[in-house]
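In the two complexes below, subunit A is the common chain; its partner is subunit B in one and subunit C in the other.
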Partner chain A sequence: MKYIKLLRFDIRNGIAGNWGLFLAPVILAVFAFTELKWRVSALWVYDATYENFTLSYADCLVYTYGGMAKYIPNPTNPFQFPARWGGTFLLLFLFTLSYPVRDMHSFGQQVLIRSQSRLAWWLAKCTWNLLCSVLYHGLITLSLLCVCLATGADLAGEAHAEMLCLVFQTTLTGTAQYTAIPAAAFFLPAVASAAISLLQMTLSLFLRPVFSFLAVSVLMVSSAYYLTPFLPGNYAMFIRHVFFTMEGVTVSAGYYASVSLIAAAVLAGSIRFHRYDIIHRE
Partner chain B sequence: MFRSTLRIECGKALRNRLFWFSVPIGTTITFLSLVPQVKSYYASLRFMNSLAGEYAGKNPHAPMVTLFNRWIGGECYSLGEAVYFFVFPLLVAIPYGWSYCYESRSGYIRSAVLRSGRAPYFYSKYIAVFLSGGLAMVIPLLLNFLLTAMFIPAVRPEPSYVVWYGVNGSSLLSAVYYSRPFLYVFLYLLIDFLYGGLVACMSYALSAVCRNRIVVVLLPFVVLLGFKYICTSLIYTDRVRYKELSPLSFLHPAAATYDTTWLVVIAEAVILFLFTFLLACVKEKNHEIY
Partner chain C sequence: MTTIQLKKVTKNLGGHDVIRDVSMVMHSGQIYGLQGINGSGKTMLMRLICGLIRPTRGEIRINDEVLGREITFPKSAGLLLESPAFLDMYSGFDNLKLLALIQMKIGEQEIRDTLRSVGLDPNDKKKYRKYSLGMKQRLGIAAAIMEAPDIVVLDEPTNALDTSGVEMVKEIILAQKKRGALVIISCHDLTLLRSMADEIFVLEAGSVTDHLMIPDTERGHLP
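Here is the complex of A and B:
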């Protein structure tokens, strides 16, 4: 009961009042769709059929969460961080960064004392964090759906892997050339992002929130730099999945890693928060 | 009064704990560039030595691997370079960008303004934030340059090896790069210092509209990332070669993709200065502090 009350408080204060969480996904989705439309129309130089190409909803989703192809370090191949992909995730991490700390040093302190349960308070914050991720990515997918509906894009169609690889300037070596991309893959970026967001919240119990954001930013750049299953950012990049890249990460490994990270973050956070000094820290 | 206030503010900016956290973090990140570069230099040296008998007296390609394309600002393919030039807006805002926000919330500003006067307080704060940001940006880069110089010789770059440098004829200061490379590094560090300071001042300026210390430190990073996104996604196409507009890219001496121009560098610096100075010193100076 305490947990439900605390969660309701967090939803009211940490989600309802967080207008960026509602506005940013809509803007990002519209920008991503417009950009994809431009890029596809520019592909006519490779193939004339791309001049009047009908995009599918799946194309838009893959493009928004595409990331970048595997990077091979070389003096003639400079590293370029995928700003759209990075911005999409880092904005969520920014929106979920300050509320728990701010709450802990303001009214939430009274709530925490009166609830008499640190565990319930921490679990409510973790659930709030997960809800933020679900809402944020849900709004992105919903906004993309609305834009697709408005522009007459193919809603039921599959992702055009060949076209997407041209847009991301890579070669299709994955399984998408033979089979369709399973629906489970489309939820993985949201799950991976929820895991990293929870990791950031847990880190902010050990470090200052700004440093935990810095750590997560470094994690995202490292994920873009190295294609490895040990860096969770790779699971949030469609172009790094086995459907597009032969040596890419798999969806099942992504779910295992993300759920393990969520569990580890919740556990580490609850242990740390049990002895956390809420009075003297800022 | 101005001088003593400035001394106090600079002391607070450069002697605080966060400045001494930020600089080592930046330096550690630059090690992610230094270590692989030094390793690869020695690997190429071993390879050349193994061919010494066969190719004795022939071109050893010495300018291919030089200090000027192996320090963090000269190469654009290591993890250290990628991380440093991505997170620098955070590293420069962490030391002192938050101070005005904190002081106005805590009430310290009232006693400081009473003792020093409005103008000295606000101008000193601006200068101190600028200095802390500039130094937090440049110290790790300078250390990296010096440490790289301990291992890799400063062979003057040869234009015929342009593919290994990332500095071509249309790059900013390219003539200086090939004739006086040390001056090139110095000038680029100066540009980085200027932008590091201005980005830190963005935090100070944004304190006028935002009262959350965490958000104030992170906002310049978000603004620059958003600008880079707009530049890469909506301005650039595959068919047109634009000049680099995003500071996240052009503050890196070796151009990763597009070259920049003096017009872009100066115009953006002026815009940033006007925005930060007008908001931080003019608006806030005339704002009620009680």
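Here is the complex of A and C:
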């Protein structure tokens, strides 16, 4: 009961009260679509058919959450962090960190003491965090769908793997026989993002909040640098999935890793928050 | 009957004792003053009593239940710690209503009455972000007392208030005492504290350096 009340409070103040911040995913989606359209039209030098290419909704989703192809260190190929992809996630992480921290050191203290339960307060914040991730990525997906509808893109069509590989400057490896991306894969960036966001919130109980944000920023950069299933940012990059890269990550591993990370972050946070000193540290 | 007992409480933060070996006993129906300069440990002691931070050594008992072990927070406490913090986008009334919804102890009428008692208009639709410092302070006091808690903790309640505001705070504090609440107030002004408190603990560098029992004749007079 306390948990439900606290969650309603967080939804009201942490989501409904900050609706302006949810404009960002709409802008990001429009920007990603425009960028993809421009990059595909520039592919005519490889193939003239790309000049009037019809994008599919799946293309747009893969491009938005594409990330970058596997990086192979080479003096002639300097590492370039995929800024739009990274920005999409880091913006969410900034938001999902700032509200709980701000709340804990202001109005939330009154709420916490009245609720009489540190556990209910923490679990409500974790649920709020998950909802934020779902809503944020849901808005990106929905905005892309609207843009596709408005521009006459193919809504039902599958992703054009060869075009996407050209855009991401990679080649289809592995099976070399590209198969359709399963629907479950399209939810993975949101789930992986929720896991990293919760990890960040838990880290903020051990480190100063600014350092917890820096830690997940480093995690995202490392994920872009190394293709490994141990860095969860890889699950949020479509171009690192086995559909496109032989040594890529799998959807099932992505779900296992993300759900495990969510469970570990919630549990570690619950234990830590039980004895956490609520003092303004920043 | 509420009793707060601190037994040799020490709080260490970053290798430094911000509260050192503090022992005290407080009972309901009394006003306890914490006096000391900035950084003497008044707010930290209040945070310990509210359960927001945990002692490094020693224990705090509220009605014989150990805070942080048998209970997480005092079961009935209202607090104003440091500067009041509310939600910018709501009015004072809406802020208090949100808080009252958690325990469901009081309804809208009690919230209106409390707002009037601190000199705020319950029908004022002005958003909290447009409140003056004095109005914010009054709202903070209203939040602390509206549910008639057994323990009232007020950190520098007269901050940002004019003379009439200070008089109002004093009346509110005395009214809390009259209804049987245990009131803890902090203030760096010893003369003002003497006019309200039954007992004063003087803090210096986290330790209680003096314990003053204030005679009845001294109380009730503003400086």
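The rule is short, and it goes like this: the second predicted complex is superposed on the first by the 270 of 282 C-alpha atoms of A that agree within 3 Å, B and C clash if a C-alpha of one lies under 4 Å from a C-alpha of the other, contacts with A are read in each partner's own complex, and residues count from 1 in each chain.
As a convention for this text, a contact is a pair of C-beta atoms (placed from the backbone, for glycine too) under 8 Å apart; a residue touches a chain by one contact, two chains touch by 3 or more.
These numbers come from a predicted model, not from an experiment.
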Fit or clash - subunit C, subunit B, common subunit A: fit
Contacts of A:264 with subunit B and subunit C, given as first, second, both or neither: neither
Touched partner set for A:42, first subunit B, second subunit C, both or neither: first
Vertex subunit A angle, Cα centres of subunit C and subunit B, expressed to the nearest 10 degrees: 80
Touched subunit A residues, subunit B compared with subunit C: B
Subunit B versus subunit C as contact partner of A:116, first or second or both or neither: second
Minimal inter-chain CA distance - subunit C and subunit B, angstrom: 9
List of subunit A residues in touch with subunit C within their complex: 2, 5-6, 9, 12-13, 17, 105-107, 109-118, 275, 277-279
Footprint of subunit A on subunit B - complex, ascending: 21, 25, 29, 69, 75-79, 81-83, 86-87, 90-91, 94, 163-164, 166, 212, 214-215, 217-218, 221-222, 225-226, 228-229, 232-234, 237-239, 254, 256-257
Subunit A residues within the subunit B interface of the complex: 31, 34-35, 38-39, 42, 45, 73-81, 83-84, 86-87, 90-91, 94, 97-98, 101-102, 209-211, 213-214, 217-218, 221-222, 224-226
Partner subunit A, residues of subunit C touching it in the complex: 13, 47, 50-54, 68, 71-75, 77, 79, 81, 85-87, 89, 95, 98-99, 101-103, 143
